[in-house]
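Next up: the structures, one after another.
Below are two complexes that have chain A in common, paired first with chain B and then with chain C.
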Partner chain A sequence: MRYLYYPGCSAEATGKGYDASARALMEKLGVSLVELDDWNCCGATSYFSVRELDSFAIAARNLAIAQQMGDDELCVICNACYTTLAKANRYMAEDPKVFAAVQGALGAVGRTYDGNVKVRHIMDILINDIGLEEFEKHVTRRLTGLKVAPYYGCQFSRPMGAFDDVQMPTTMDRLFEATGADVITDFDAKTDCCGGMMMLTREDAALRLCHELLVAARQGGADVIVAACPLCEINLEAYQPRVNKFFGTDFDIPVMYFTQLAGLALGVDPKQLAIDKQVVSCASVLAAIPA
Partner chain B sequence: MPEDKIAVYFCHCGSNIAGKVDVEKVTAWAAEQPNVVVSREYKYMCSDPGQDLIKEDIQKLGVNRVVVAACSPTMHEPTFRKAASDAGLNPYLLQMANVREHCSWVTEDKDEATEKAKRILNAQIHRLPFNEALDPIEVPVNPAVMVVGGGIAGIEAALKLSATGKKVYLVEKQPSIGGHMAMFDKTFPTLDCAACILTPKMSAAGKDPNIELLAYSEVEEVDGYVGNFKVKVRKKARYVNTDTCTGCAACLEACVVRKVPSEFDQGLGKRTAIYIPFPQAVPLRATIDAEKCLTLKGKKCKQPCTTACGPQAIDFEQQDEVLDFEVGAIIMATGFELWDPTPETRYSYGQLDNVITSLEFERISNASGPTGGHIVLKNGEAPKSVAILHCVGSRDENYQEHCSRVCCMYSLKFSHLIKEHLPETEVYELYIDMRAYGKGYEEFYKRLMDEGVHFVRGRAAEVSSVALSPEEEGRLVVKVEDTLLGIVRRIPADMVILSSGLAPAKDAKSVAQTFGFGCSANGFYLERHPKLEPVSTVTDGIFIAGCCQYPKDIPDTVAQAGAAAAGALALVDNPTVKVEPTVSYIDPEKCCGCHICVSVCPHTAIQYNEEKGVAEVITAACKGCGVCVAACGSNVPQQAGYLDDQIFAEIEGAMAL
Partner chain C sequence: MTELATTPQAKALHEQFCRDVMSMPGGEKIKICQQCGTCTGSCPTSYLMDWGPREIIAAFRAGMIDRVVKSNTIWLCTSCYYCTVRCPAGIKITDLMYELKRMAIKYDLVPKDSKNPAMTKIFVDSVHRHGRNHEVELMTRFMLAKDRGLPFKYWQVGLKLFAAGRLPLAAKNIRGRDELDKISAYLDAQEAKSQ
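This part shows the complex of A and B:
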């Protein structure tokens, strides 16, 4: 199996662990990820909010390159990238005016896009293409007894819900159940917002949201929170000291990319998964699972 | 044959048609067309002066064919045909040209609309010379009425009809009549006990000599036509002889299968495999649930029910019974279903304890319910705080767009009941808009404000179990934006009641098809006219009442049931009824007797005459669907009013411009 792969900007900065672990995990499963040539930022949430039409062109440039490379599917790891790219596709398909405008913009840089590249979340590929049965066959280090809080974030299945329930997604639950982990399946905050970019503009508001998520995780007895988005991950992990300062709490919960923890279960070397690069130490997680 | 003198009348329908179509232009153009002797326009053709135009022209100008370009024929064709008839013209020499629904309402460009109106009109101008005079067919009317659904609507309609001496068949799917109303504790805004006002009516319906109560029965087939419906009803096996069973409930005491979730108690209470849904059931007879009874499942059981039953009424060999009967009219009163809030996962119904639906709360607050009327949590403790969430699955584009009309008021009733039982308990009503529209409703709302209920304007965002403060520990938390205060609130609650909207019954569409009418976009039964015929359907002789038409409260339901009964009575109180003569005819000279038409006729209105070797149409049974006309290989069956040359002329007229 081979997929064209779009890492997204955060993969080169705060989300290095996501990128490294996604590549290592897929390699272990016999899937090769071929990086998209000369990709650009998807535009993320901010660009959409201020200049919508331009943002579609920015996103569509990546899809045009995918088409040029002869692929009709594109694997994405970041929830925001996933939603943004898929949204560009959808708006182009539904509105001929958007389609024409985007074509015009792409034409100016000598590119073209027909709208036929399917944007796939890496979780979608894991569950629906590889399949849980095949995944489970590769599990060599069972996560027995590890309490995992599956944190999907707001853009994992919303608004489109292409491969999971819009309001109550369960794919991550099922993936970790296959590793033998003790998944908190009734994790109440699984799709609540982490605050996103608000952390930089209205820290108080974002910290409140993170605080609630951390409370929910602790209430469920989580040993580790797993995330599917670089922004969720960094907010939940790196801002724990700020949350503690604001709310007088003492959170020190390991937060990992779900690909990191899944990689561990498949016996990938923690260094290859960049687990040592996490802000909150994951030593407790590594110690809790048998070698 | 006198020469064709066609009159054209073009209706403005206020601005409904004239706003898009250049009426003057089309009228002037029509005057130039072949056979047209007069062409007029008028603001409202359906008004008396409008109809008088038609009558005068028929009488003074000798007009012998008429086309009225106006609304859909389902709206005013009967009006104009009556006018023509009053002036001495055969009504079937009048045609409608639908330039409203088919043209002005659905065409944006004015020039396009005008051109389209011309074509629609021209089709009828071409057709009219081919029209033939027809006479309505008069058929006898069966005076009996069938009422489908034994809730308050069906009971009321049946009692009203019975009072006029008519025979009524009251068909109810459940083992007892009573419907949803029987489950309620109190009714808003007067707080009468639902059982106290309903059970006398249930009992009266059960004892009424004119009412044949067919409980635990379902309608399987309906055939025939206005005044003469042939009905097939399946009376499901109760495995209990209803003639000898006295409803003593001794078998219920004896039954060993004791943990079946009670449908009547919304699954909160338990019942036995042999059961009576509730103590006031009518008919008060036991029923065995074949899916739960050990004996009927083929498992071992000592059958203590048989031992306990004094009159030996239990009969494990009983079979379903299929009844065939005829009625002149049918009233549909099949009710609603509460919208299941499970898909609205953010409210955690089915995930967190003590998040309940409104109907579950009705049972909890009901003295004969599973908690004996004590408002308690799952652990048996009284809640210190209750949040009532309005508009769950209602006024929500994701689920149902419509307002369910009763939820605001029943929610207020809940608040009152909670305050009455537990005065120290805090009650929060989370509403979008408070809709207290009925008699005494606004006053009731005011009363609840005085009783200290907290009204929070805002649709609840989420019901969570994540506690952020000691006060929230171990409780439910409702997150909501209070749009009056402009803040996001977290309301700790021990019990959350979801005021679910009313949904059409899951089988509404298929039931409607069985009876030959339709459903609205929101899934409820479609009335013939939203304002002037709210209890009729497009099928003559079939009426609707209660929540199967749209959510409504008990007073409105009872009023509608009375109206439906009056509608049915106005029909069955006549010895005969006139039906459309647009039926099919088979020329015995041309028929080769191949049977194709016999096999395709959905109303078994064609029979084969062995002696003559030809097919024959039973005129009274023919509904004029035209299937035989299309199916015949030799083009023999012809349908009056829809003859080939009439249809072809119509097509030519439409295409000619």
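This part shows the complex of A and C:
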């Protein structure tokens, strides 16, 4: 199997571990990820706040390149990229005005896009294309006894809901159940917001949201939190000392990209999964996994 | 503070806002809001807002444009889409917030104490320069523009991430970065033509 792959901007910086582990995990499963040529930023939430049609058009530039490369699917790892790119598709399909504007804008740079490249979250591909049965066959180091808090974040299935429930997704729960992990299935903060970019602009608001998530994870007895979005991951992981300072807490919970933990279960070398680049030590998680 | 669209200017602005909101995809659904408050109840930051999303919709429909655009509400929306997926009337509230943000920026009505509008503009500018968002540049430019205290708050976080190689200093430029400017220029020209 082969997928065209859109890493997203975070994959080149704070989210390097997500990119490295996604590639390594898929390779282990016999899937090759081919990077989209000369991709640009999806525009994220910021672009929507400035110009609406531009945000669809610059997102669609990536889809036009995918079309040009002869693909009809694009694998995305970041929740925000996934939602932004998929939203461009949806609005182009729903609104002829948006379709015409995007067509025109892309035409101005010599590109065309017909609206037919399906945007796929990597979780969607894991669950629905590869399948849990096949995934489980590759599990060589079962995560038995490891308490995992599956943290999906906002834009995993909201608002698209294309491959999981909009309000109560379960795909990540099922993926880690297949590794033998003790998944906290009633982790009801699983789609709560981490504060996103507000960590820089309204720290008080973002820290409070992260605090609530960490409290919920601890109440569930989590050994590790797994995330499906680079922004969720960085906020929950790197800002734990700030949360502790603000709320007088002592959180030191390992946070991983879900592809890192899934990769460990498949026997991928921790270094290849960039687990040494996590800033909250994951030593306790590594120690809990049998060799 | 003009709260009702009584002056000619406020009335004209309100009409413009209504047209803009109604013309966005699904925008006309704002007419059928029944004020149930599910949006405000679902919102993770409503406790900080001057007016919750439900009140924003009510105020907007009543023509209280000042209240809507000068409130901190729209800049506290994190785009989590909880309100949108739960709204029984199918109103795309997150999109409405985006529309209001765009109008506030366009008419220069952003609250002076909010840092979010500046962040938004720096982000978009950075994307146009490189084709991708360069996180270090974004943080540096935001710090210089809006929050000189940022390094004192975050130096420990930054140092750890830097040591782990997660904050590369050099920006990557894509080959087709001029395309983004051309896309915007085309859409600007189209908009000017339609007005």
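The rule is short, and it goes like this: the second predicted complex is superposed on the first by the 291 of 291 C-alpha atoms of A that agree within 3 Å, B and C clash if a C-alpha of one lies under 4 Å from a C-alpha of the other, contacts with A are read in each partner's own complex, and residues count from 1 in each chain.
We take it that a residue touches a chain if its C-beta (ideal position, glycine included) is under 8 Å from a C-beta of that chain, and two chains touch if they have at least 3 such contacts.
Not measured: the values here are computed from a predicted model.
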| item | value |
| --- | --- |
| Which of chain B and chain C A:Gln219 touches, first, second, both or neither | first |
| Which superposed partner A:Lys28 touches (first chain B, second chain C, both, neither) | neither |
| Partner chain in contact with A:Gln167 - chain B first, chain C second, else both or neither | both |
| Partner chain in contact with A:Asn40 - chain B first, chain C second, else both or neither | second |
| Touching partner for A:Asp188 - first (chain B), second (chain C), both, neither | first |
| Residues of chain A touched, compared between chain B and chain C (which is higher) | C |
| First, second, both or neither for A:His211, with chain B first and chain C second | first |
| Intersection of chain A interface sets (partners chain B, chain C) | 167 |
| Chain B-facing residues of chain A, complex | 165, 167-168, 186, 188-189, 211-212, 215-216, 219 |
| Contact footprint of chain A on chain C as seen in their complex | 24-26, 44-45, 48, 76, 78-82, 84-86, 92, 94-95, 98-99, 101-102, 105, 114-117, 119-121, 123-124, 127, 131-136, 139, 142, 146-147, 150, 153-154, 156-157, 160-161, 164-168, 172, 174-177, 179-180, 182-187, 190 |
| Sites on chain B touched by chain A in the complex | 344-346, 348, 351, 464-468 |
| Complex interface listing, chain A residues touching chain C | 9-10, 12-17, 38-41, 43-54, 57-58, 61, 83, 91, 94-95, 98, 101, 104-106, 108-109, 111, 154-155, 158-159, 161, 166-167, 191-193, 195-198, 200-203, 205, 209, 238-239, 241-242, 276-279 |
